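Okay, structure first, notes after.
A, B, C and D label the chains in the order they appear, each numbered from 1.
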Amino acid sequence: MTGIFADPDDAVAGISDGSTVLIGGFGMAGMPVQLVDALIRQGATDLTVVCNNAGNGDTGLAALLAAGRVRKMICSFPRQSDSWVFDGLYRAGKIELEVVPQGTLAERMRAAGAGIGAFYCPTGVGTPLADGKETRTIDGRDYVLEYPIKGDVALVGAHVGDRAGNLVYRKTARNFGPVMATAATLTIAQVNRVVEAGELDPETVVTPSIYVDRILDLGTAEAAS
Amino acid sequence: MTGIFADPDDAVAGISDGSTVLIGGFGMAGMPVQLVDALIRQGATDLTVVCNNAGNGDTGLAALLAAGRVRKMICSFPRQSDSWVFDGLYRAGKIELEVVPQGTLAERMRAAGAGIGAFYCPTGVGTPLADGKETRTIDGRDYVLEYPIKGDVALVGAHVGDRAGNLVYRKTARNFGPVMATAATLTIAQVNRVVEAGELDPETVVTPSIYVDRILDLGTAEAAS
Amino acid sequence: MTVVPLPTTVEHLGRGPLGRDELAAVVARDIPRGSFVNLGIGQPTTVADHLPADSGVVLHTENGMLGMGPAAHGDEIDPDLVNAGKIPVTELPGASYFHQADSFAMMRGGHIDVCVLGAFQVSERGDLANWHTGASDAIPAVGGAMDLATGAKNVFVMMTLFTKEGTPKLVPRCTYPLTGLACVSRLYTDQAVFRITPDGVTVVETYGTTVQELAARLDVGLRTLDDR
Amino acid sequence: MTVVPLPTTVEHLGRGPLGRDELAAVVARDIPRGSFVNLGIGQPTTVADHLPADSGVVLHTENGMLGMGPAAHGDEIDPDLVNAGKIPVTELPGASYFHQADSFAMMRGGHIDVCVLGAFQVSERGDLANWHTGASDAIPAVGGAMDLATGAKNVFVMMTLFTKEGTPKLVPRCTYPLTGLACVSRLYTDQAVFRITPDGVTVVETYGTTVQELAARLDVGLRTLDDR
């Protein structure tokens, strides 16, 4: 059953050192900023973070990196105009980086959520990102064998949640949220608003309640402050 | 660009002998009855049909089978209380059957649509349905290697389509439609109603227009008759 | 999911075996509050009737829905809303619909807490045979049985312990074609409830019979909770 | 997708090379009506400005949308609606949103008719290098580049034909790290448009130069449409 939280610190309680944390968002769209800020306060360290990008500016994921909590980043596009925090750590040899093509990153997390042991993927064949990976020719096309990426925790930014735990997203902020929600042992979503079970049209639910353990209701948090 | 048809016979024009035809539906829910009836009239033969079930009663897929047009069925659950047409053909040795677990059937079609060359699936390990298949142990768990099922044609039953080609479904009639639409070279959907592009909420589209080549508008057909 | 273990094996004597309805009630009793549950076609479906109204249990049907309600009657019947047995059902608040690849990803990915299945045979190591009698003229049909057996976190089986001819269905090795290997964790029968682990079979409760009588009729080593 | 071939190679002389805007217009001209198209970050994005209003072309952005409209301005700007370059964009009628696994399934599965990408280098067999300069201190970042190069039915590249230093970017073999093998089918540059097939490189048009002049500057065998 999904727990509904008004306090971000309660929502992220219990995340362990050494966890793999999947963090949604493409740049700032869909980034669960309040949850990441709460994770910084929570204090878990030695984290592996899976996120499309490696932080923007000095807040959110960048602040988590700056606080020295992240041992390794797995992402498709760490380098951005405002990724100076990551850039500095990387050049100083203070953080590991695994670069994964964006679609393969998504598919590896989907595989984790869907119980697929591994899959043959055409992306990256013959490139440095396939170095050392098993390959196979199937029906005349070359593929690289890719393994699931499973999270201990997923932090996801959605739009509206219901009390049953269902989520809907908004426009391109949907991006990695629905996939990450399936791929983690503990999925925590922040939403702009929580409604009663039955208020979301069951045809339009994007992340079914089964994938959502905790919801941080930003509407409540804002109303209370 | 998606073509909108009022006449079922126009909607299925050009299907070749020997085609692999993916047919949506779980029992009668989501079964594209009008398209299957049109396929019978169209005359293509020597077909491989992929469908969860192997026809009900004497109409639709059962009638296609009775007409001798199907060389092979790929399905998860051919045997039903009213599958006498298939049962008779099978016992008479007049049709080939490949039984695939329902989730593996769906995943193999998803793989075809998603450009995945093959995947390691835990379902069926140690059972007769894995006989002769390649297996592998990954992280202590056993998997069977499964290959994509690609269709030449998909016949899908949806609820509403728009003129751009987007589809939404109704309740559990959604079932195989969205997956089959991605897995075929030519996807033909029948819908109860066609609306203008922009009338479907982009957040709620289940099958994006890119997957839909032709839409049979049953609303129009009924209004015209 | 946490199942609170009984302290000791209980022999319910002075009564006969469980009736079908009673068996469903016993299974329902063991489903933890708030679980996501898939009930197989046939007898397992009746477990839903015995879940308390406030159980918080959410039913999954593998044809593409979470939050399934009871069977539909009269005006409620909608041909687009059926369960895995193709019976018209209803929708509860908080429901959601999804396609087959997503539905079985949910199952295969280990997100369903409990599924309840019928069986022809269960082996002492938890192998399940429930999809095919092995008869040479039978038309094979598996549906979602293998996906359910492989994917759910806990697979509960409900069946009679013996065939009409008196042959045990809890066996050292299944002779029927397998559905899944070492997947059954709980076996609910008319005569007894068993827990199955890699260590073997433990009798949790008996109904109208004793552990000793069962041990005499079954070709499977039985332990009791008291053996621990 | 059907591209109607020109009957003969055309040398546009008495003019200079194509400007950036002219180059985008040439690419736009070759995108068939009704295509589903992904335009890469940067210069390829400008191709959209040259598609006729009635082209029926539907734009895909790999961060999860079909039916993307032009860049958003003023009140239209919505931080939840951005393109792959994280620029605020708009939504057109008939649009749809989907998550990353679905978006790249669409790409990887060969459903996008054309993608247009920039490049550091393209080889004579259509290998693409556009994600990494190979500099040892560069932070690697690939984004969707490999997925796009591998997945689209037709990969069009637009770039200058030579670096600022005059080094050719159409080369026998890429020296920069590869993005994809044998994936580029059309190469649009300021000086010429090329078609690339397993048979080699064919010059379709030149701008402000001749095939002969290009052949002298490139270390790649060039054919013309007239050679066929």
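Here is the rule we use: a contact is a pair of C-beta atoms (placed from the backbone, for glycine too) under 8 Å apart; a residue touches a chain by one contact, two chains touch by 3 or more.
Note that this is a predicted model, so its numbers are computed, not measured.
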For chain A and chain B, chains touching each: C, D
Chain pair with more C-beta contacts, B-C versus B-D: B-C
Centre distance in Å when chain A and chain C are each reduced to the mean of their C-alpha atoms: 35
Where chain B and chain C are represented by their mean Cα positions, the distance between them in whole Å: 30
Inter-chain centre distance, chain C versus chain D - centres from mean C-alpha coordinates, in Å: 56
Sequence positions of chain C contacting 2 or more other chains: 65, 91, 97-98, 104-105, 107-108, 150-151
Touching two or more other chains - residue numbers and ranges from chain A: 107, 110, 114-116, 121-122, 169-171, 202-203
Touch-based graph of the chains, sorted into line, ring, star, complete or other: other
Pairwise chain contacts, counting only pairs that touch as defined: A-B, A-C, A-D, B-C, B-D
Residues of chain B touching chain D in the complex: 1, 110, 112-116, 162-166, 182, 196-198, 202-203, 205, 208-211
In the complex, chain D residues that touch chain A: 61-65, 78-83, 86, 91, 97-101, 103-105, 107-108, 127, 132, 137-147, 150-151, 177-181
Chain A residues within the chain B interface of the complex: 107, 111, 114-122, 136, 138-139, 141, 143, 147, 168-171, 201-204
In the complex, chain A residues that touch chain D: 26-30, 52, 76-80, 86-87, 90-91, 97, 99-107, 109-110, 121-129, 169-179, 206
Contact footprint of chain B on chain D as seen in their complex: 33-34, 36, 56, 58, 60, 65-67, 91, 93-98, 104-112, 150-151
